[in-house]
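Take a look at the structures below.
Next come two complexes, and both contain chain A; in the first it sits with chain B, in the second with chain C.
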Partner chain A sequence: MNAIIITAVWGAVMMFSGIIFKKNDTIRFTAILGLLLLLIGNIMEMRGSRLFDIDVHNMLYFESFGLLFNSIAFGSTLFYFLLSAKDIEKVGTNVGEYFALIFFVLCGVSIISSFNTLLMLFLGIEILSIPLYILTGSDKRDLKSNEASLKYLLMGSFSTGLMLLGIAFLYGASEKGTFFIDDLAIGKAVASPLFIVGLILLMVSMAFKVSAAPFHFWTPDVYDGAPTVFTSFMATIVKAAAFIAFIRLFHDSFNDIKPDWQIFIAIITAATLLIGNLTAVFQQSVKRMLAYSSIAQAGFMLFALLTLNSTSQEGILLYTAAYSIATIGIFAILIKMKDYTFDGFNGLAKHQPVLAAVNTIFLLSLAGIPLTAGFFAKYYMLAAVLQTGKFLWLVIFAILCAAVSVYYYFRVIQAMYFKEGAAQIHETSPTFKALLIIIAIIVILLGIFPQWLIDTLYNINIYG
Partner chain B sequence: MSTTHFLFWFLSVLAIFSAIMVVVSKNPVHSVLWLIIVFITISGHYILMNAQFLFIVNLIVYAGAIMVLFLYVIMLMDLNADSEPQKNKWLKIAGVIGGGALLLVLVAALKDADIKNQLAQTGSGQIGLIHNLGMALFNDYVVPFEISSILFLSAMVGAVVIGKK
Partner chain C sequence: MIPVLLILIPLVTGLIGFFIKSDNGSKSWSLFSSIVTMVITFAGVALTNGNPHLKFDTEWLPSLNSHFSVEMDGMGKILTLLTAISFPIIFIATWRSSYKNPGSFFALMLLSQAGLMGVFLAMDALLFYFFWELALIPVYFLCSQWGGEKRIHATFKFFIYTFIGSLFMLIGIIYLYYHTKDHSFSITSFYSLRSIISSQEQSWLFWLFFIAFAIKMPIFPFHTWQPDTYEQSPTAVTMVLSGIMVKMGLFGLIRWLAPVLAVGTWAWGDTVSLLCVIGMIYASLVAIRQNDLKRMVAYSSIAHIGLMCLAVFATTQSGMQGVMIQMFNHGINIIGLWIVVELIERQYHTRKISELGGLALQSPSLALLLVIIALANVALPLTNAFIGEFMMFNGVYSSGATQYNVVFTAIAAISIILSAVYMLNMIQKVFYGNTNALTANGYDIKANEKIILAVIVVLILVMGVYPQPIFELTKGTVDSILGKMSYK
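Up next, the complex of A and B:
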């Protein structure tokens, strides 16, 4: 509850900060201050002290899984603000409003990490999506940004419509008519066709939100068209939050009838891995390659949905943390580049050895090379599937796809280190570099001691 | 066949017919006009279930305000047959197959739906009355009610960001 209220209030504060403060620096500091308060508030809740005592009629349910994810999401956003807040100011004139919209997105994130009814899920998804449509189109002079925004709005509204249809079917199929996700669980009973249709419609709309194939067609265009700073936010924190909602929903409501839907998720996972990785190979622009790579990474995160056991719950938290901070780091460097193609990175290592080195660490982490966080994230996902004893073909397939992904991540590294050229880069400050080094150290530490994060999941005492 | 039954079937058939007309009309303005009829018939269903408040809200907000805005937008866009993009033949076939498959699944699911103990409370239902609706909204559903204000606030901020120069 702390997180929901602080984000909502600070969103309003950021709105007014655009009027009161004339200097962009002040607005930026207000945003970072709000995010620090938010992180502290959420950690306080993890330790059992609630700032607000509100009777939520059981519609929200706060447990360690969701709260720890909140902390990961807010921590990643803090890094994102510290690295890229100056670039947000360059997008347009409404600086305060951009920050306000990001805080509203975070409000949606904290709702969908704690929903207990389908009504709150719907509200959370909408609060998450609508500010994103705006942020995608915030570069109003750029035609591509406008196109991406309209495309995202139309496709997103359509998938929300499917979600509402699914919710209506589930309401009709449940015994007493309920929106509560744990009351929807039908135990060992045979699911009625009405129930299955509702489930599939929900699955389709959530698969759209996490950009799983074959519902991924919007992703490359939207991620490519949106201003790069906002792509960074969309591809990481928002996508991870949608995954958390997906997993919570299926874990609480549909875990009993796993055999009915597991094969669909297995096919979606295989298709996502295949399409994401293969298409990424043929891209010329690093930004577009990262859009496809985010689809490929979503394929790995879908393993947590396929298995829904405790290993996958631990794994998905590690995965979201590893994926979010590494991708935010890569995007922060990409924003500073003048040329977004692979050739634009030629010879970066000679002029900017620090940037090239940290970029290499982030890319290695995304590829899942040992000693980086990405390795254990992928390891936990595959281990979770192996524990179930089924879908061995999918594990082998995923390893092959991960091998393919090494190719396109290493293309960037190859361009930076082994190709001649003069990479054009905007001015970077020493604090920017220091921050990137800190993030790279976190990526490596999580790769050596993943238990730090996972043990936290079991050490949270929300009752104080 | 009582009056309620007769009205129910009349409204339902009219609703489905106008919904189909929304899709098949060539002229977008006609589509909007048919859509208004769909909303009016659905409002009629609300009154059959004794939900007077929902009836009047649906009529004022959807059939009235939103559709008028819709009409304005369509007029401002100045659509006509010349500027309509030609669609690929294969795209049309794929659309028919996809939509048809969804229709098949939905009909199959609804055909076997268990409805014996959940008949509509025509004329006697109390749920849609303003008193009960208010009690539900401000007691059980007060948290989602308040949280939806964040949704509207973010939409408003977005409108300003998009609309301002």
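Up next, the complex of A and C:
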């Protein structure tokens, strides 16, 4: 509850900050302050102290999994602000509004990590999506940005329509006529056809939000067209949040009828892995490559949805954390590059050894190489599937795709270290580099002791 | 505590090494580090197996029940010894080579040493996997940054190959982990799996592991990355790759595959043995046709490793003991060969056999030392490789694991004859015959190079005459592994 209130209030504060404060620095400082408050508020809630006592008629339900994810999302956003807040200012003139929109997105994030009815899920998704449509088109002078925004809005509205339709079907098909996700669980293995139709519609619209194939077509264009700072935010925190909602929904409502939908998810997973990885190979622009890589990573995260066991619950939290901080780091460096193509990175190691080194660590983490957080993220996902004893073919397929992913991640490393060139880069401050080094150290520490994240977060939570 | 030191020293000194800028400084630093590691290894080898100082165990990932568990057993001793001796030799032998960014170069070398040590010491499957990859990453950067012209392409192929292999192995490890009674990665839990895992499962699980090991060794037809990578890498890295890293594959096979999935190993023994002998003949024939010294040595290495892998699948006392001693000897011999190649290349700026000739006139001591090393490579009696290869042939011939033992022995023996062909041919063309315009102004090798080659030659001869200490070191390991592999 703390997070929802704080994000909404601070979003409003940020809207007016543009009028009150004249300096961008002050606005940025206010935003970072708000995020710190938000993080503290969320941790307080995990420790059991709610700042606000509002009767939500059981429509929201705050349990450790969602709150843990909130902490990860807010922590990642904090890194994102610290690294890239200055670049947000460069997008346009209305700096306060961008921050406000980001806070509203975070409000949506906190709702979909705690929804208890389909109505709240729908509200959360919308609160999360609408600011994103605006952020995507925030570079008003850039046609590509406008196009991306319109495309995103149209496709997003379409998927929202499907979601509403699915919710209506489920409402009609459920025995009690309910929106509550616990009551939707029918407790037996046979579901009516109407119920399945509703479920599949909901699955399609959620798959759209997490950009799983074959509902991924909007992703590359939108990620490519949006201002790079906002792509970074969309591809990480927002996508991870959609995953958490997806998993909570299916875990609470549809776990009993797993055999009915599992094969669809398996096929979606395979398609996502294949399309994401293969298409990423052919990209010339690193930004677009990262868009496809985010699809490919979504394929791995779908394993958590496929299995829905305790290993995958821990795993998805680790995965979202590992993926988010590494991607935010790469984007932060990418924003500083003058040329977004692979060739633009040529010879970066010579002029900017620190940036090249940390970028390498982030890329290795995305590729899932041991000693980085990404390895354990992938480990948990593979282990979750192997634990069930089914879908071995999918595991084999996934590791072949992981091998493909090495190709495009290493292309950047090769460009930075082994190719001759003079990579053009905007000015970077020492604090920016120091922060990147800290993030890189976190990535490595998580790669050696992943339970630090999971245990620490579990320990500060007394609900159990 | 000793095994932890063996991993930590190269790791920490390696990380520090990144910050050393001067050429000589980083060379001395890495040499110093590797000598300290070597001394500690000697101390470890001197202790009897099972001594508490040779073990270390602490909880690593409680939620997964994975331990940081390292131990120096008989086989571990042999291979850590090889690693510990090789690195100082490599550093001294390549002292005169200059690299840009020397700090990073030597730091990465030390990191790869830490990874190798970890692989040979790990007693926990997840830890083993960790070190397995940790050894690979620095080598990838070493080859790509300091290698030859086609380095990026060649080493990338190498990386992708081994990465796919290791991912398959990771799946195998996780699968076995979920089948252990106590959900543990420890090697003892893995060894108790043989009665739990059915023979059908074993037969496909075998390949998940074996592909990883076969790529690393490499075994035909997984070898295609190897000649290119050896050729393109800087010679110091090639020495690490061919002298020590290929042993990771054999080591994994002996420690993590054959005793764990004994039924699978028996079931596929003939198939793998067939691949081994095909590879041996094929690689030897290709080696004869090579004009580039590096490629020739690379192919000869495929043939030698093939024999060792064949001997593992023979499952006999003699064969396994031969593999143990030969893993060590092959490392020493091939590093010796690479040093000679490096010396020739540095002096004459070519590795083409056709462009060289008459080197013995200019460099008599080099020629003398090379001849001994080359003869060891052909396994002539009195050299170290003779003992190992003899025992392996004996083991393969007397093997009860296959009905084709005579055929395998015969084909493998042909490859030994072929190895004499290409080695002697190389010696004759490069060192004897007439000098040409390129080689007429050659000079003999320097003192430090003489000393290093002499050390190798002494090792070759001593091990060839008195291999008993190594037998005693590994006897326990060999017996226990054969006991677990036996089909009862």
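Throughout what follows, the second predicted complex is superposed on the first by the 455 of 464 C-alpha atoms of A that agree within 3 Å, B and C clash if a C-alpha of one lies under 4 Å from a C-alpha of the other, contacts with A are read in each partner's own complex, and residues count from 1 in each chain.
Going forward, a contact is a pair of C-beta atoms (placed from the backbone, for glycine too) under 8 Å apart; a residue touches a chain by one contact, two chains touch by 3 or more.
Predicted model, so just to flag it, every value in this text is computed and none were measured.
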item	value
Partner chain in contact with A:418 - chain B first, chain C second, else both or neither	second
Comparing the two partners chain B and chain C, which touches a greater set of residues in chain A	B
Which superposed partner A:137 touches (first chain B, second chain C, both, neither)	first
Touched partner set for A:111, first chain B, second chain C, both or neither	first
Contacts of A:60 with chain B and chain C, given as first, second, both or neither	first
Contacts of A:386 with chain B and chain C, given as first, second, both or neither	second
Overlap of chain C and chain B interfaces on chain A (superposed complexes)	none
Residues of chain B that touch chain A when the two form their complex	105-106, 108-110, 112-114, 118, 140-144, 147-148, 150-151, 153-155, 157-158, 160-162, 164
Chain A-touching residues of chain C, taken from the complex the two chains share	60-63, 129-130, 133-134, 137, 141, 144-145, 151-152, 156, 159-160, 163-164, 167-168, 170-171, 174-175, 177-178
In the complex with chain C, residue positions of chain A that touch it	314, 364, 369-371, 379, 382-383, 386-387, 395-396, 399-400, 402-403, 406-407, 410, 414, 417-419, 449-451, 454-455
Footprint of chain B on chain A - complex, ascending	4, 8, 11-12, 15, 54, 56-57, 59-60, 92-94, 97-98, 100-101, 104, 107, 111, 119-120, 123, 126-127, 130-131, 133-134, 137-138, 140, 169, 172-173, 177, 192-194, 196-197, 200
